[in-house]
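The structures considered in this document are given below.
In what comes next, subunit A is part of two complexes: it sits with subunit B in the first one and with subunit C in the second one.
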Partner chain A sequence: MTLKLFTLLLEAALKTLGISLVSIAIGFVIAMLLSAAIQSGKSIYLLPARLFISFFRGVPLLVQLLLIYTLLPVIGINVPGIVAAIVGLSLCTAAYQAENLRGGFASVPRGLVEAADVAGFNGIQTFLRIRAPIALRLTFPALVNEAIMILKASSLVSVVGIIEITKMAQDLASSTYMPIPIFASAALIYFVINSAIALLGGYAEKSLKGASA
Partner chain B sequence: MMFDPQVIIQKLPEIGSGLFVTLWLWVAGVLGGVVAGFIVATARRFGGFVVNTLLGAVVEVLRGTPFLIQIFLLYYGGPFVGLMLDPIPCGLIGLTVYSAAYYSEVFRAGYASVPHGHVEAAECLGMTRLQTIARIQIPEMALIVLPPAINLAIILLKESAVLSIITVPELTATVSAIGSQQYAFLEAIFVLAVTYWIIVELTDRLGRQAEKRLSRLRFSKA
Partner chain C sequence: MSVPAITIRKLVKRFGETTVLQDIDLEIPEGKVSCLIGPSGSGKSTLLRCLAFLEESTSGMITINGEALGFFEDANGKRERLPAAQIRAVRAKTGMVFQQFNLWPHMTALGNVSEALKIVRKVPKAEAEERAMTQLRKVGLENRAGHYPSQLSGGQQQRVAIARALALEPKIMLFDEPTSALDPELTGEVLNVMRDLAAEGMTMVVVTHEIGFAASVGQQISFLDHGRLLFSGPPAEIFAKPRHPRLEQFLDTYLDRGASMLA
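Up next, the complex of A and B:
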């Protein structure tokens, strides 16, 4: 295990990090839309949102990625592999994040929502300014957990040929014939990134608590 | 490209055998993980500082790294340390170790949820530690532990699809192979997704039923 190999792994780790962060961000936006659909209480919005959440939480991510890879060209969309990978990860994490947010939305005090109504906020304003920020603050620890899950899950996009850290490790392991040090280094890099996310998340959580007090 | 169910119907026996491998790997992995996880959680609770710290570090590493990397280490790295494993035993060991790490955390929370006074009361009555665990701590934590344990089982079912990458002939591997042999990718992956979805939904329902039963049992005795 030379320094050069480790540097290659670190470079690939940047790609892993990039894919994960973008997917979490897009997933968050979709999760908010799903939450809005569920909050609306109208079955035209509610049922598709429920179906979406159930499907993406019920099917292995690997199968979702394969499905998106196969489906996109069939319906005439030709995108680079990395876009398909990000789409897959985003849709999956959106379903999980929406499920987390559901708990948060359920614990928004009714009085606050009523007060917003009385103050003349319309439904969208109440959602954006009252419900969503409170739900987000309440479910922040779950969001940090989800970020860690997605970082680990992003290893699966290696299967569809994206050269992130897992794929890089696989290629290096087969070309150098040293699987143990290389996969162990890859594991170490994942572990360090995840620990950093957990640590930063902990700090952010504390400062959020400070802000609400 | 037309959706042609004929391909799938012809290959039902093969799909069935893949499903069978997935199901038994899953059940064995979960059961093994529950037993090993409980032992780890118990050892961490009663084994003193050194045991707790060491096992805690192992659990953190297993939880902080992707399952795929762990499987690669075991499957490709194993032969270098004299551990030649076929795909299926390798998958089973990998799945069990991975699930044990997560289940140990579930049981750790379970132990923490049992009121200290109950354990002290058991000690005062002269129960041994094993008796206390079997008669007080396990029954009391059961209701707390069940929902996350079911959730974890569902996560592990989905994680088992990853084993297709090291050529374990489970559902994902079998069905995607059929897809590429028959040029019926979309049909194959559609069947795959729906099959997993059904198993997950069923497990979820079953889990909720079990939860209801358990809570009735518990409160009727109280």
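Up next, the complex of A and C:
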């Protein structure tokens, strides 16, 4: 196992990290929109949101990625693999994050919403200023968990031609005949990244708690 | 005789099959403290929540400063829901204080008090915070402005909640059992703030179990039982003997809770 091989793995790790973080962020925005649709209680928003969540939770991510990668060119959208990868991961994590948030929204005490109501807030103001921030605080540990799950699931994006850590490790293993040190290194890199996410998440959770619990 | 602050006419509230309020007729005088008392389940909190439009009445009408709240009902009982903007405008005349304080946990005391000024009234941040500080000073908590609700005692939280309602400059303050969630030693500070407010001439409607407070600060006492308003009048009249047997029975349960002076 040479330094050169390890450097190649680290470069691939940056790709894994970049794709995952961007997808989690986009997924979070979509999840909030889905939550707004569900919380509105109006079936014209609610039903499509429910359908979206059921679909992206119910179909394997691998199939979603292959579908997006093959479907988009057919309908005239030619996208590089990295875009297909981010789209697939974002939509998938959005569905899971929306489900996590749903529990958070259900746990926002009714009285806090009534207090906004009597103060003259409209539905959107109450959502943005009261319900969403409180729901996010209540579900933050689940969000960190989801970030870790997505980082690991990102190994699947190799099917749309992205050379991320796992794919790089496979390629290097087959060309160098040193599978064990290479896969061990890949495992170590995943472990270090996810530990860092867990640690940062823990800090963020604590500072949120200091401001609310 | 001035226009009453609130007029309640033939108000009925049903939850499904259960009638919670039956034909309530009541006028709340302006600039006075009006206390709603009665046993648990008598409907007094529901009545107050109807005044805040947190509950929508089933029939009957409420007017605030002469303007219909939520629904307009003509003499034949034909009912019409008013436009949302009008409902909002009438609701803005009232401020509400809850039993459980309901402060927003992710905002400081100052944030709680200034939030609606910024978001709803579109007051610039600096001015909103200055006005919020004025209200916090009024309830004696200017030095707790940067504290989150979790860092405040129950009594302090309720005072912040009062400041939050006052910041929007309501004409009428509604209090829903404001001291029921507090330890006995903390109720005093909240009742004192309410006494100051009453002394300034604020119109107040107070649902309370503090019979002592009702007797000493209240200028109109209304007694509800099983969803009906049994009677309403000045405390001297209500608490004078001989009393209505139902009120006598109710007061008996409060003799050791600050109402012994009425025995």
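Assume the second predicted complex is superposed on the first by the 212 of 213 C-alpha atoms of A that agree within 3 Å, B and C clash if a C-alpha of one lies under 4 Å from a C-alpha of the other, contacts with A are read in each partner's own complex, and residues count from 1 in each chain.
Keep in mind that, in the parts below, a contact is a pair of C-beta atoms (placed from the backbone, for glycine too) under 8 Å apart; a residue touches a chain by one contact, two chains touch by 3 or more.
Quick caveat: nothing in here was measured; it's all calculated off a predicted structure.
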Task: Identify the partner contact of A:P109: answer first if only subunit B is touched, second if only subunit C is, both if each is, neither if none is.
output: second
Exercise for the section: Applying the touch criterion given at the start, work out whether A:F6 contacts subunit B, subunit C, both or neither, answering first, second, both or neither. Expected result: neither
Query: Of the partners subunit B and subunit C, which touch A:A119 in the superposed model: first, second, both, neither?
result: second
Of the two partner chains, subunit B (first) and subunit C (second), which one does A:L61 touch, if any: first, second, both, or neither?
-> first
Message: I'd like to know which partner A:R129 touches here: subunit B for first, subunit C for second, both or neither.
response: second
Per the contact definition in the header, classify A:F140: touching subunit B only (first), subunit C only (second), both, or neither. neither
Q.
Quick one: is A:Y45 in contact with subunit B, with subunit C, with both, or with neither? Answer first, second, both or neither.
A. neither
Chosen between subunit B and subunit C, the partner touching more subunit A residues is B
Subunit C residues touching subunit A in their complex are 52, 54, 88, 91-92, 94-96, 98, 100, 102-106, 115-116, 119-121, 148, 150, 161, 164-165, 168
Subunit B partner, complex, touching residues on subunit A are 54-55, 57-64, 66-67, 70-71, 74, 148, 152-153, 155-156, 158-159, 166, 169-170, 173, 179-180, 183-184, 186-187, 190-191, 194-195
Residue set of subunit B touching subunit A in the complex reads 1, 60-61, 64-70, 72-73, 76-77, 80-81, 157-162, 164-165, 172, 176, 179, 185-186, 189-190, 192-193, 196-197, 200-201
Per the touch rule above, subunit A residues touching subunit C in the complex are 109, 111-112, 114-121, 125, 129-130, 133-134, 137, 210-213
